[in-house]
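Below, chain A partners chain B and then partners chain C, in two separate complexes.
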Partner chain A sequence: MQNNHHKERLYKILVIGDLGVGKTSIIKRYVHHNFSPNYRATIGVDFALKVLNWDQETVRLQLWDIAGQERFGNMTRVYYREAMGAFIVFDVTRPASFEAVTKWKEDLDSKLTLANGKNVATVLLANKCDQGRDVLTNNGIKMEQFCLENGFVGWYETSAKENINIDEAANCLVKHIIANENDMLQSEVLDTISPQLEKDKGGTCSSCFRSQ
Partner chain B sequence: MTFFNSPSFPGRSLFARRVKDSHPKEQKDPGWKLFGKVPPREGHIKDPKKIQKEYETKSGRAGPDNPTSPRQSARKNLDFEPLSTTALILEDRPANLPAKPAEEAQKHRQQYEEMVAQAKKRELKEAQKRRKQLEDRCKLEESIGSAAQTWNQDILPNWSAMRTSRRVRDLWWQGIPPSVRGKVWSLAVGNDLNITHELYNICLARAKEKWKSIAAPASDSEPDDAGSSDRESSLELIKLDISRTFPQLCIFQQGGPYHDVLHSILGAYTCYRPDVGYVQGMSFIAAVLILNLDTADTFIAFTNLLNKPCQMAFFRVDHSLMLTYFAAFEVFFEENLPKLFAHFQKNNLSPDIYLIDWIFTLYSKSLPLDLACRVWDVFCRDGEEFLFRTALGLLRLYQDVLTCMDFIHMAQFLTRLPDLIPADQLFQHIAAIHMSSRNRKWSQQHSGTKTTHITLRYKQRVMSYCRRFYFGLRHIVILHSISPWETRIF
Partner chain C sequence: KFSSGSSFTGFIVSHLLHSGEDIPLIVLRQRETKWLEMLNNWDKWMAKKHKKIKERCQKGIPPSLRGRAWLYLTGGKVKLEQNRGKFQELDSLPGDPKWVDIIERDLHRQFPFHEMFAARGGHGQQDLFRVLKAYSLYRPEEGYCQAQAPVAALLLMHMPAEDAFWVLIQICEKYLPGYYSTGLEAIQLDGEILNALLRRVSSTAHRHLKKHKLEPILYMTEWFMCAFSRTLAWSSVLRVWDMFLCEGVKIIFKVGLVLLKCTLGTQEKLKTCQGSYETMERLRGIPSQYMQESFLVNEVRSPFYCFGSTVTAQSVPLGSVINDPSELGMHRK
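Let's turn to the complex of A and B:
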């Protein structure tokens, strides 16, 4: 966590969700700025690297594009390790892929937590929004509610094809990852300076620490 | 001075008259010769014997003093020179301008000659390269033709007697000619499952019934009678994956000639093995078989291929078994490429990251298709071990590149291999990988104490894998083996 003093941050980000929802396409759009309707199915895991300039720092995002078939679930969970953030993707034209979102989220949270015990920042992507809207995503309030209940830091209607909201979603995720990291750094610093704080470990929120 | 790109012969000969020769000794020769013929002297220095010979016969036919008819020389040019050539023309200043001083004119002439000589050199080189390519292609076609004959007339009729012979094995290594590839694969894979064309039709009919019932809206809410949710969705997954199978070939996509065939094979398989169902990667294997076999024979080869222990372990996603494969792979990795192995370890790049794709699709997704077929050829000959040997061959081939990379770049490189992989080089590197207990040399080297040593290390590695995968050692893997490829789990 000494990254803070460097001019460069490296984050591992998972991209998960059901098969064929467009995970690879989203990454291709985000990293290579293009789209093809003909991507090959991902077997196992694919990788991409995105370099961002963020407040005069360099942020490197290691994107892990993980195969969507449920069967691979146990095999690919080893890939979750040390990730700092995640996108969970569903296809607005396939309701079943939305139903699987909670499964993916639970799976993620059960296998991956940050050093401070919090879940990693996760953004929900409602992909293929160019192909018509899902009833659910049409209802913004309901989606907000869903995100709140399931611990998503945000949600976006995206289209890799039409390049809609991909950068925005990524920025949102990076923002939360950095905030999480700063929280952890701060709590670490506080821990070292005043170890008596350990007694009050109940407060996981960073602002609680600050106010004390 | 002007550059002129002459596309046709009349134009070329027309301009040629104004072109001056690059060779000071033959200054009075028409410039046309410059491009039409290559002076023998340079030919002596640069050219391989064959091209030299051709010059001689050519100049003999044309006659050195005869400027040659354009048509004749054109035909000869085709042999080793490009149709269109870049002609460089040295011209005097237009009449309305004062003439160049003699010194300048001399300098320009010299520059001009140098440029022409260079251009000619370059063109010659390119022509030679093209010629070499053509020769290679002809040679390749010839050898494929004669190999096909050997396979058809000698080997296939005496399959069981000849398949293990040294000669056949050597020929096999060089790649099976595409015309007999399907036949050889079928024979090599065998049909232990005794699948018949009738059985295929029965399975297919069942799959079709299912598709119909899925298409009907009512069945959506009905839970399927037998088994896992994964299996239920198998047919749905197939639909999604078919269009993502070799999309660049445009033959398996909706409306493509093999779309329905691929759909049928995969659908029939999920009915034949509902316990396995459809697993990603299968569509690539079926597609490669479809490209080489009839539909029903594809099904026979497909089911039998997937029934091999390694394929079963992977497609059933049997973790503990997969881990033993990865661990065994690492033992050979360390043995064969210790430096690269250390580099991978340092960067936490574990084999599952790249092997999963390679093994699940039998390289058909990650290698160019023709090269993948060659890997399949020897896979059919040597079995699962060759899949791991190929992986090590690839790592060996790209060892230098990989050692300069960090984790993410290695991971990217290995999950997306270069588009052009030199087949011969790859096979040379694969050949340089030593492994397998079936290979006598290996078993001699690693007999006795060393075997125990390896087995021990191997065991430790499996344990460490288990720890990584299960976050606690729930499975105790006991390996008893002379070769790490023959493992068992109790």
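Let's turn to the complex of A and C:
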């Protein structure tokens, strides 16, 4: 194996949740390392790209920032397509935005599944935690239970303003995405004949070259 | 040198302002005189010389008369006169808490770098609240759509709240009917129409978008729902709106087609945005030369982007494309 063999992974990640919970702020903090109270409301969809070094690999995350107002829900099927993971965000100071979390999760799971039929990895973000913890997130056990029951791979109290837990939450999501991907590759290997490309044999037949 | 180039725009951050056309002051004064004459005899002009009004809107409405012209062009003035006291009545009502809550959370998120809207709870934000809340009461079945806020804010930069309210009504009902309604079907339909028109205008761009499965609603939602108010250089926004409020939604289609063709119209241009994400990014950050005022207005006016009623009507069910220029702006009585 040559040591300059460098694998690159690219994942589309959705950031969804009710309007005004801080989706855009979380993305800006994560990608541009800053915070402003002056972000415009997202209409439709917006994007940002984050590049990570992950175990000697490069991981590119396409973060899709999706408008939170309910009526844009009609368009989410198109926005969700081919995503590998998602953050669902709520605002700890607004209980109604937490109540909407299960609605977003159902919307996501009903419109998007991985090639193996499983749901995409989803991390729950309790944002604006700098503005006080609410009764709910105070109870970690209850939150764990909620995640388990609703199919979240984890949850984090975050603050885009104070830069709390955003990197950690993203790492958690990436870890699960990679695990899902490896799972899928594994199961593919089991039921397909994979041509082996070995140096000493040399690729004599052009049809044996497959994209890595 | 006397020119209008330094005219007040209200924006605190100057990078938002690509330099607009520099109109000599003497030309501006002449235009103002012509516009005043038109506005003072509006019914006559609308009935007999609509073509002339259209030409003058294409040249750009003088900034000092823009607000009044928009109120007249849209028929907002007639609506206001027919419904005296209506805005005040709605303004005095508390509003549905469901909409009030959402509107309030959007107030500080509209043109935050414009001096009128920068201050929390300032006059601009207060008026914005009044206009949007009044609309949610006027059309309770529609309530409030987030894309209405930048439209209303842009109007408020040019006119008082009551006028802005009636122009907003006209935009929502006559210019972009259904765009803000619950199901958002109209915007999706117009996305398909845009795509069909793009195929005629630039098969290269059309093929590229199709290849990467980039459906119209991925890139045109904000363009169309906000009538480009958040996309273009500021001076171009105003020029596009001058034409849009005179000629209707076809201007929005034309601007969209110009931007798509200029950005993705040749193989050379596609070299730098080969993937779907790169393409999306390019369409989110269109090179500034294509959004520059005189270039954009010239392109929009070019016959290349004229389809005529026959071309569009036969190929697509035109939900909201207005083909008959008399259909808009003819709100005499």
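Convention: the second predicted complex is superposed on the first by the 186 of 212 C-alpha atoms of A that agree within 3 Å, B and C clash if a C-alpha of one lies under 4 Å from a C-alpha of the other, contacts with A are read in each partner's own complex, and residues count from 1 in each chain.
Following the convention adopted for this analysis, a residue touches a chain if its C-beta (ideal position, glycine included) is under 8 Å from a C-beta of that chain, and two chains touch if they have at least 3 such contacts.
Predicted model only: the values in this text are computed from it and were never measured.
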Inquiry  = Looking at the superposed three-chain arrangement on chain A, would you call chain B and chain C a clash or a fit?
reply    = clash
Request  = Considering only touches as defined above, state whether A:49 meets chain B (first), chain C (second), both or neither.
outcome  = both
Message = So in the superposed three-chain picture, is A:20 touching just chain B, just chain C, both, or none of them (first/second/both/neither)?
response = both
Inquiry  = Quick check for you: in the superposed arrangement, does A:69 touch first (chain B), second (chain C), both or neither?
reply    = both
Request  = Figure out whether A:31 sits in contact with chain B (first) or chain C (second), or with both, or with neither.
outcome  = neither
Query = Which listed stretch of chain B (146-154, 218-226 or 470-478) steric-clashes with chain C in the superposition?
reply = 146-154
Key: Footprint overlap on chain A, where chain B in one structure and chain C in the other make contact   = 19-20, 38-41, 43-47, 49, 62, 67, 69, 71-72, 74-75, 78-79
Sites on chain C touched by chain A in the complex = 102, 105-106, 108-113, 145-147, 149-150, 181-185, 188, 213, 215, 217-218, 221-222, 225-226, 230, 277, 280-281, 284
Residues of chain A that touch chain C when the two form their complex = 19-20, 37-41, 43-47, 49, 62, 67, 69, 71-72, 74-75, 78-79, 81
Query = In their shared complex, at which residues does chain A touch chain B?
reply = 19-20, 38-49, 62, 67, 69-72, 74-75, 78-79, 96
Query = Within the complex, which stretch of chain B touches chain A?
reply = 229-230, 233, 237, 240-241, 243-248, 253, 277, 279-281, 283, 317, 319, 322, 352-354, 356-357, 360-361, 365, 408-409, 411-412, 415-416, 468-469
